[in-house]
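Reading through the structure tokens given below for one structure.
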């Protein structure tokens, strides 16, 4: 749905020409979350800002559904794209309702429709609507503000969402929670999302596709599994970290390698559920020095068993698992 | 009994005591002899403040907005420097210089008062607009607001407490400085004060001084209430600061 | 222009004398204000209720126009035969200096992180030592800013005080207006402006000198 062709952006800095973005090609399908990943200053944020024309590119183009964004009026374009930034930027003099309803207001919606939408979105992001509509940003916690920032970006129901390290300013616990909630929301909404992050763990968790940036170029892109298992580039390998195997395991769940249970497990023995991720399973296996764990359904019935050897096998045969999931 | 109520009661008590003393000592009667002048001159005084303050607000806020636009970034600092030097110049000097240029009467007084009110308003407008977090401006732009929408929907409402404080300070100071208008033939309550000094007539001085002071204090109170009404509850008013008088 | 220079040339003793008068009036008033204002500010920083009262009264004084204050003080002081001239001017200037000085002192002391006091206490400083080594360096820049505001403000008001017989450069402006003598007006206006600007600059430099590099505002 979004196609970036040979994008470049050159800045003048101290008399030198610096290429912040240097020949970037990227394709993002409809309903996908694509994470732009890389260290600071690698051009990922600049690329993001070119999509909604906050930054004008020096070369190349951005196509949305086949149409060059340069042909759109910038203001109209931005109203069709949701934009969420790290510091949120909620307007302190407006209530939560007014903040959420701002783009609809710019688009000319009636007050009733705006209010209904605000209530609907508050519910979607997990905040009690009646309690929060009339509040002001200064009364909100960091996590609440960030959620409302996301709601504000979704208010006019844009097909595309641009997010620039949206959860970066939160403490780790809130961040995890918000990531989970956001993924759940995305299941329902199916927006096309471009998400900038500098954290590999976040990227692995959130992305359908990852594009790793370095000095203005994409050095590796693909599904998280593909990116994590490819060790050919030293920079990429270094950025991902040497525990990449464990990172890969987070994306897979016990239900993928369930085998029929062929041995007896004690009642109180360590166990997993089908939805637990394999990293957790591996941790439990290592800690208890076992080679297999029973897997129970939430209702208590046995679902199968998870073997250490199968987990190893998954790592070695990365490509087939990618096809399976 | 909260602090505010006690405070107001205390002030009223002092005022009542002063009035009682004034009446009993016969001073009140002496001052009230001038009541017709007081009414007439107070009207003139108010006119002076309104005709200089009104334009100062309009010009000051617009100038402040213009100076904070991205295209004016380089010009902003030098202009602010010039304006702050202009404030250090004592009002008496400004009025005298205005008289040299414009002769006698209301004109030099109005011009001097206008210029004097301009700085606090421009300075506070600039400061108020400058301290807006860039995250908000970026959000506004990113969500598709035009520059003028950003100005009217985001920047001005948020800067309002500081701008309002600047306007208030400027107008109250204007009330206080307006007595000088008399010296260049501009009228106002300064007539009573200065004549009272020349003739060494305490009653006359007070007839001019008390209404002036009352006018200033009342205006200050009214404008501060008005500010509270106009500013969004979401913004903390106590953060508003006036840098100098 | 030429006339102005000629006038200044032939009258500079008088101008100098008036400038000196002007400086002394402001100096005495601000000096007294510092002596009363700083302790009041410190007390206010430690006692919330006192702070409320003191700051409120001081800000009310600020709203009273200078001419009005003169107009009120003169009859009052006339009772003790000090109605005209030096005394009411100094008293008015003294009162006007209160808010900048008290409020800045108050803000400065309140902004000191309690952790610093605790650290000082923990390392065994007496109250006086703490004041000298820890609090003073942090507080002085802000208080200086208040004193500076007071002085610049008062130079302007002192000019008006010429009308109540207090002397100072305002006299030049005043006689210039009465006699429609532009040279006097210009001489007085420029002199008083230069005095105000010069004081502001000088005190600004002093303030920067007194501010430790570690505290310099961004």
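Letters A, B and C mark the chains as written, and numbering starts fresh at 1 in each.
To be clear about the criterion, a contact is a pair of C-beta atoms (placed from the backbone, for glycine too) under 8 Å apart; a residue touches a chain by one contact, two chains touch by 3 or more.
Note that the structure is a prediction, hence the values are computed from the model and not measured.
Asks: Which chain is most remote from chain C in terms of Cα centres?
Replies: A
Asks: Central chain, going by Cα centroids?
Replies: B
Asks: Distance between chain A and chain C based on Cα centroids, please, to the nearest Å.
Replies: 59
Asks: Please report how many Å separate the Cα centroid of chain A from that of chain B, as a whole number.
Replies: Their C-alpha centroids are separated by 53 Å.
Asks: If you average the CA atoms of chain B and of chain C, how many Å lie between those two points?
Replies: Comparing mean C-alpha positions, chain C is 20 Å from chain B.
Asks: Along chain C, where are the residues that touch chain B in the complex?
Replies: Counting only chain C, the residues touching chain B are 49, 52-53, 56, 60, 62-72, 74-75, 78, 83-84, 100, 149, 152-153, 155-157, 159-160, 162-164, 170, 173-174, 176-177, 182, 185-186, 188-190, 192-193, 196-197, 200.
Asks: Quick one: in the complex, what on chain B touches chain C?
Replies: Chain B residues touching chain C: 3, 7, 85, 88-94, 96-97, 99-100, 172, 175-180, 183-184, 190, 193-194, 196-197, 200, 202-203, 205-206, 208-210, 212-213, 216-217, 220, 244-245.
Asks: Over in the complex, which chain B residues touch chain A? Could you list them?
Replies: 133, 135-146, 149, 153-154, 157-158, 160, 231-236
Asks: In their shared complex, at which residues does chain A touch chain B?
Replies: Against chain B, chain A makes touches at 52, 54, 75-80, 82-83, 85-95, 102-103, 106, 136-138, 149, 152-153, 162.
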